[in-house]
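Please go over the structures that come below.
Heads up, the next two complexes both have chain A, just with different partners, chain B and then chain C.
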Partner chain A sequence: MLDDLVRNLRVAYARLWVRVKGGNREPEWLIFDMFLPIFTLSAYVYLYKMLGVGAEFAGFVVIGGTMLAFWTNVLWNMSAQFYWEKETGTLEAYLVAPISRMAILLGMALGGFVNTTLRAVAILTVGSLIFQVPIALNEPFTALLIFFLTIAALYSLGMLFASLFLLYGREAWHTASLLQEPVQFISGSFYPVRYLPTLLQLLASLVPLTFGLDGIRRTAISGEGIAQVWPHVIALIVFTLILLPLAKLALNFMENLGKKEGRLTLRWQ
Partner chain B sequence: MAVNTVLRTVKQAVWLGWKVDTNWADPLVFAIYYMVRPLAGLLMAGFMFYVGSTVVDVFSGEHFAFLLIGNSFFIYIVQIVMSMSMLIHDDRAHYEVLKHIYLSPSSLTWYILGRALNGVVNASLSLLLTLGFGVLIFQGILGLPIPINWLGIDLPMLALTMLLGTLCFVSLGYVLSGINIMTSRVQFMLSEYVSSILYLFGGVIFTPELLPSWGQTISNALPVTYFLKSVRFSILHQTGGDFQTSLMLLSLTTLVTVGISVGVFRFAMHKARKDGLIDKKEEY
Partner chain C sequence: MPDYVETINLCRTFGKKKELVKALDEVSISIKEGEIFGLLGPNGAGKTTLIKILTTLLLPTRGEAYVADFNVVKEADRVRKIINLVSGGETPGYGILSVKENLWFFSQLYGLPSSVAKERSKRLMADLDFEQYANTRMSKLSTGYKQRMSLARGLLSDPKILFLDEPTLGLDVLTAKKLRNYVIDWAKRERKGTVLLTTHYMIEADEMCDRVAIISNGKILACDSPQVLKEDLRRTPIAKIEVSSIQIDFSFIEKVKGIIGYSETRNIQTGVTHLRVMVDDRRVFAEIESKLTEAKLKVLSVNETEPTLEDVYIRLVGKGFEEAEEKAHA
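After this line comes the complex of A and B, so read on.
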């Protein structure tokens, strides 16, 4: 039992190390990833300027852009990772090794988190300075709590999606691609979600990013505290508690199905 | 190279591109896929406008039409550029067929053109669906007034603009393909990098006059700016600029882009042959 735990923790650490090393091996990636999102965010800020809305909307855009860096990471470096492993032939090695798949996914998640945090901090800092975002952070610990709960919920969702990539090729690839902009739109990445029509607000409540974004904005820009954002905290905890075991079940199911259908090592799908 | 060989290469490349893009799904799923992503992008920008207008309690239909047309046609640009940028990775590292195409009697340049034309077809389909559903949602469902007279569109002007624009963006795609032939390090993000710069400086969702003077200088050097101006002039008849001037500047910047693309792509092919990059498989 203890041996298993230690071994799987070492697996998670090893996968984290590869991810951090791999993600930062080219300095130009780091520079591009840190500063190029600012161009798109700037376009949104200029749109709000054209409309004559207050500076807090620039803050919404910057925080949205910062959190979207994590969403992109979850989609492409977490969910789609098994697709890459399959294409490069390392998936077989994972599957035959006496280790938990969840430990690999945990390592990927932690490594992805480290890499993305580097980029997200740059986006947040540069964006806040350029657009002079009005910060009203009265309860930093509440903001941090919501941030970490959002990350936990998002990466749990990523683990769930990862199971799809065990079996499918381009279908799963296109599904991940399909989730990029629609989730940005529906989760209110660049505007408060309360302005969306009711039906869309209901749909938005199915995405953990919606609660995370709204909670962080309220605590960091509107100056609210735990007394106002506790429903966000509860929602994010519930998401994680549901998604994580579901990811484990889905992973086992897809792996067994993949073995039966002989698709685990199938390339060029 | 004989004209027949060129035409056959282009035709086969279009067909291959179509199959690669579509054979993973039935036509309905494919159409939905090609519509949902760009439509979501349009809805996001549209809702930002809607929310901002609600906050200040002023809604300008003209500005909204500016954004709607700009964002929809920008997606057309992005899809062409993106499809061409990813092509080298797909064929060289993923499917490992680039070397075979290079060895065949046809030319890689014409093959890429064929694949680009397939991208143009897909982007056109996507543009029509996005624009149609965008208007349906914003005007039909949300009741926002969008002052576009669909029957009053100047079709010859629009067709000319699209022709020049397509030539320009396919050329830009060749530049990105050339870069991706020379290096695999930026293949996944290159088109995103380029499109984010064009999105800010190209006058896509706001007027470039809002940019600082150095930003306006960049904007004035980009063909995207003149492409979108000309498209808006054809559809909205906006009097903010003169169509002839806009079209002339689009032609000029397109010519420069074509020149750059020929230079970059030739250099890339020369370097690829010299350094053995045609079949170099890298997992970035």
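After this line comes the complex of A and C, so read on.
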């Protein structure tokens, strides 16, 4: 029992290590990953400046752009990951090994988080400096709590996607690109959700990113504390508690279906 | 010695009613501990399907399969601890990482302490002659070296039973030979491990395997040591006939009375077709030769020859591997 746990934690660590090592080997990518979001951010900030809306919007946009980096990572490096691993036969190597498949997903998620944090910190720092974001951080601990809960919920969602796409090839890829823009839009990455029509707001509340963004903005820019954002905390915890077991269930289900139908290798798709 | 790998009336089908493919049809084999066992058959025979079921990657439709007494369906976790799988033509791993890093990563899937993992991979890299690439990115390796790395990955976990699916697919003669010898060495001297390998190369089965099962259309047609399988053909005359044309359809020789089966290999460079013909009586050879001459073909030579494993297949199926594959692709 304990033996298995230790082994699986080592597997998760190894998968994390691979991701961090591989993800930062090409410094050009790093620069690209950091500057592209900053360009997007600038476009919004200047747009808002031209429209003459308040200075608080710059803060909104910078935090939105920073958190969006994590969402992009979840979509591109979690959801579609098994597709690549299937193609090279790596998935097969995982599946014949005496390990929990969740350990692989966990390592993938943690590695992705570490990589993205490196980029997100850069986006946040550069963005805040350039656009002189007004910061009102009264409860840094609450802000951090919301951040980590958002990350947990987002990567749980990523693990669920990865599992669901275990049996699919290119479809996973298309779905990822399909989800990028709409989520960016409805979760209010670059403006407050409360300006959206009610129906869209309802839809937005199905995405953990929406709560996370709003919670972080309230605690970091508007100076609110746990007294105001406790619903965010609960919502994010509920998201994680639902998504994580769901991911495990989906993974088991998909693996079994794949074994039944013979679809765990790419050759027969 | 106990049976180490065993299948009982194993069946696997793919697809729905109308296009049902019987990939495995009542397959019963048993492999002993320490044995190198080969599955020999043309494309689509069902070799990979059998390996997938035994390595817990695919469920059987019917029948049972055991690996070291563990049921591959019900006790998959226990099976996984003692096996490993290397598939030819596929290189699991991450192209951006070095060979060394990849090997370390895969060792972690088997819970090896890092020091043991490093020592073992160092040794495997040396034995398989690719230590000079230890720090090279995997994506930069040639096919032959990728395959060496894959074999090292398979052996790294020190499995009791190693499954090799066409381990020398597409490799040059020397590399293929090196890998074969290494596996033989590993199984016979070093580890005393058990090996199940699939191949459609005759020599591979002949050189490596203690016993060979010949599989075609999901059925095991024969199973014995290469010697015994060939011995059964001692009294069947076999001849190599060289004909100086590669254009023609040779199927008309099937109609000659007394012919058991034949195979053909066309050499595009020399413009010569090598026919391998098996007959029930030596006199039939002359008959075939005259039929070929009648068809305005130049017969360059007719030589009687020793049986090979391919002849065993021809005897069982009536045609050679390539003909069987052509039919399967048509």
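Please note the rule applied: the second predicted complex is superposed on the first by the 266 of 269 C-alpha atoms of A that agree within 3 Å, B and C clash if a C-alpha of one lies under 4 Å from a C-alpha of the other, contacts with A are read in each partner's own complex, and residues count from 1 in each chain.
Just so it is clear, a contact is a pair of C-beta atoms (placed from the backbone, for glycine too) under 8 Å apart; a residue touches a chain by one contact, two chains touch by 3 or more.
Everything numeric in this text was worked out from a predicted model, so none of it was measured.
In the superposition on chain A, A:14 makes contact with chain C only, while chain B stays out of contact range.
Of the two partner chains, neither chain B nor chain C is touched by A:219.
Once the two complexes are laid over each other on the shared chain, residue contacts for A:240 go to neither chain B nor chain C.
More residues of chain A are in touch with B than with the other of chain B and chain C. Of the two partner chains, neither chain B nor chain C is touched by A:79.
In the superposition on chain A, A:88 contacts both chain B and chain C. Once chain A of one complex is fitted onto chain A of the other, the partner contacts of A:29 are limited to chain B, with no touch recorded for chain C. Residue overlap on chain A between the chain B contacts of one complex and the chain C contacts of the other covers 26, 88.
By the touch criterion stated above, chain A contacts chain C in their complex at residues 6-7, 10-11, 13-15, 17-18, 21-22, 25-26, 88-90, 92-99, 256, 259-260, 262, 264-265.
Contacts from chain C toward chain A in the complex involve residues 14, 49, 52, 55-59, 77, 80-81, 83-85, 87, 90-97, 101, 104-106, 108-111, 153.
If you check the complex, the residues on chain B that touch chain A are 24-25, 33, 36-38, 40-41, 43-45, 47-56, 58, 63, 67, 94-95, 142, 185-186, 189, 192-193, 196-197, 199-200, 204-207, 210-211, 283. Interface residues of chain A facing chain B in the complex, by the touch rule stated above, are 26, 28-29, 32-33, 36-37, 39-40, 42-44, 46-54, 57, 84, 87-88, 169-171, 174, 177-178, 180-182, 184-186, 189-192, 195-197, 268.
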